[in-house]
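Every chain is named by a letter (A, B and C) in the order it is written, and numbering of its residues begins at 1.
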Amino acid sequence: MKKKTLFWRKLNDRFHTLFSAASVFIAVTGMILVLYTVVIRGMDAVSLDFFLNSSRPYGVEGGGIANAILGSVMITVFAAVLAIPPAVLAGIFLSEYPDAGRAVAVLRFAANVMMGVPSVLVGLFVYVIIVVPSGHFSGFAASVSLAVIMFPLIMRTTEDMLGMVPNSLRESSLALGMTKMRSILCIVCRSARNGLLTGILLAVARVSGETAPLLFTAMFADAWPSDFFTRPTANMPVLITEYTTNSPFAEMHTAGWGASLVITAAVLAVNIVTRIVFREKNNAG
Amino acid sequence: MQAKIEARDICFYYGDHQALFNNFLSVEKNKITAVIGPSGCGKSTHLRIYNRIFELYRNQRVTGKLLLDGVDILGPDTDILELRRRIGMIFQKPTPFPMSVFDNVAYPLRLHFKLSRSEIADRVEDALKSASIWDEVKDKLSSSGLALSGGQQQRLCIARAIAAEPEVILMDEPTSAIDPVATLKIEELMVELRKRFTVMIVTHNMQQAARISDYTAFFHKGEIVEYNDTKTIFTNPKCKKTEDYITGRFG
Amino acid sequence: MNAVWAKKNLTDSVFRMLCVCCAGFTGLLMLAFFVQLYVESYGAWEKFGINFIISSEWDPSRDVYGALPGIVGTLSTTAIALVIALPLSFAAAMYLSDAAPLPGAVLSHAVDLLAAIPSVIYGMWGLFLVTPVMQDYVQPFFSETLGLSQVPGLRLIFGPDYNGFGIFTAGVILALMIMPYICAVMRDVFRMTPPMLRESAYGIGCTRWETARDVVLRYGIRGILGGVFIGLGRALGETMAVLFVIGNVMEMPETSYSGATTIASAIANNFSEATGMQRSALFALGFILLAMSFGIQVLAQYYLHATGAKRGESR
């Protein structure tokens, strides 16, 4: 019986091992390149004024991004306030009421579909239900659109995290005579606390960089975000978009890079800190 | 007569933890050698050195010599792919690959040999017959190997191991996940296999060892306490510990 | 005693209702998206009918609109992204699931962080750094140095005219963006493979690559497909990263180096100035995109659900 030469099989294996390592290298290099560019170019823009002054139209000296930072924070925080409580309750429903049968499966499916809806469509949706009837762009509309994106994300992580809580814990707390509500809120959610917080923080970090839906909801303004509910509100992602695509001026580009640096640093910081702080619960991933 | 495999002064470590201590063992050709002992005594660990499957894991290392036909296979010159072709392995649970019954057996053939289609078909049939499963699967060769029953899956795995034309077959508690009737079939099969291969079997089932094996090694806490022909071990053990174990006083 | 019991029951059922309402909200939201996009785009569907999908004309001055350029742009950028990202993700996941604990964990997190960077940053990076490199080095290399623009079949991909913008560049950036998603799913699938199955593949003399290709890949194929569909969904709907580098031309692209548009970037680019029939046409584009992403999600869930069931069974 003729043997196959081991040489080719081994060479093939070598090749794929090398290709594997190269793939990781490409991914990580891509990330480092992006970060490097953002840091190098963004550093030029960063100064104290940059963080303290509001943005100004081209030609006016001393513009900053303070209004956009504040606007972004307001939009994101308000979105979180809108989305987190109901999304956690919705996740509780999926995880803790399996007796609801088909309804759970259908709603889980709906949440998965909503997770996949392109964010630009969320922008269109909120534009029609809020911006058009109210007659103006507003930070509030932007918050609603981010909340819509966040909702299914938090709902599904809540379900997953509660699903990891052992059933014995539920049974023993119910056996102590607790109501189901207390058992869920005080025992189940508490023991899944780290996972829940991780999921929620990552979801918030993720939507804070969303741009497309803000284009038709918050728009942009050089003013401070004083009329959050009734006026276009400054925010970081749209500032970056405007300064890079709609402006031929180098100063604007630099400011755009500065803003990119700030938002990237913020998002990555939240990600890294979350992962480190809650690591022991999550080291499987 | 030279032993088929000879272990000389084998020590094994999981990281800093030593699991095997100075194991000496010589395995006779065309015999069934059973390895028994309480759980955690290192019997599986010992077996997993023979085809160097432990090397998949970091922190596991071995010292000593393991001679296959007089050649040390633990050295750096050993070709590990060829070694694993020569020494097949069967696991605690059936592990059919996620492919058809036919492909499961044809896979190692295609891997190691240059064969025409018809040669492959012939050899697959031979292997399935040798594993006494041909009659049960000949009509469903193209259905998934995962669709068979547990006992059939395990015999399919044996057929797969046979197909690569090994010299030694290692079995790591091959019937522990299988019902008694199917176990009996596999035991009969092992006795058949002895004619062509050298078989080593790890088992926690002492009756099984007594029924089918020619030689038995008793492991305790990583050491080979006693090694002799099976009859002697079960009727006239030299060590007190062996006697305690086979009479069920511990383990 | 009875009163207490009744009260307990009452709080519980109120709480349950509350949860039901919150969860039901997602269902409503999903329906609302379809209904609203359909209603808003009704004008376009009424005027152009099915022609809207197959017409390649997009001319606001004559008020004639067709979705084909957007659809073609969306599908071709996605295809390029997948062709690049799939082998890379598979190989990277293979490496990560086998790597030593410490570097493995660090690299895994690095790949995860890649997914956390906002897409607008990728867009900006693409605009200022990738497009010049594409124009000066990559595209001339393929088209001229290798002469691929003269090869009949490959002309569609490597065209003779290029300026750095277009489908190819967008696809490359999308590939980098979706890779972490696909890679994460594949890594989990690899780790889910029973160790004994891997051992038995090695046990008959497979190399690492043969084990991965013939056993692990087959075993986890459904989960991997699910991961692919998730990446696909992201690539289809990605707006900002594409918007910056695709060129935003509402025409049928001739080659992958041509400026083009995708549905998402067309909406982002034109919506604020659009009125009347054009706005309706943009909503119609949105409806098509929603339908696409819905289809992809259904497939993704179908495949991931099946592996989830398998996972539950084996534990």
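Just so we're on the same page, contacts are C-beta pairs under 8 Å (C-beta built on N, C-alpha and C of every residue); 3 or more make two chains touch, one makes a residue touch a chain.
Quick caveat: nothing in here was measured; it's all calculated off a predicted structure.
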item	value
Given chain A and chain B, the chains that contact each of them	C
Relative to chain A, chain with the most remote C-alpha centre	B
Chain closest to the middle [Cα centroid of all protein chains]	C
Approximate Å spacing (C-alpha centroids) for the pair chain A, chain B	52
Distance between the centres, which are taken as Cα means, of chain C and chain B, whole angstrom	47
Between chain A and chain C, centroid-to-centroid distance (C-alpha), Å	17
In chain C, residues with contacts to at least two other chains	207, 210
Chain A: positions in contact with at least two other chains	9-10
Per-residue multi-chain contacts in chain B, two or more chains	81-82, 111-112
Interfacial residue positions of chain B with respect to chain A in the complex	79, 81-82, 111-115, 165
Residues on chain A engaged by chain B in the complex (per definition of touch)	1-4, 6, 9-10
List of chain C residues in touch with chain B within their complex	100-101, 194, 196-207, 210, 214-215, 218-219, 221
For the chain A and chain C complex, residues of the former touching the latter	9-10, 12-13, 15-17, 19-24, 26-28, 30-31, 33-35, 37-38, 41, 86-87, 89-90, 92-94, 96-97, 100, 103, 106-107, 109-121, 123-125, 127-129, 148, 151-152, 155, 179-181, 184, 202, 205-206, 208-212, 215-216, 237, 240-241, 244-245, 253, 256-257, 260, 263-264, 267-268, 271-272, 275, 283, 285
List of chain B residues in touch with chain C within their complex	51, 53, 56, 58, 81-85, 88-89, 91-93, 95, 97-99, 107-108, 111-112, 157, 160-161, 164
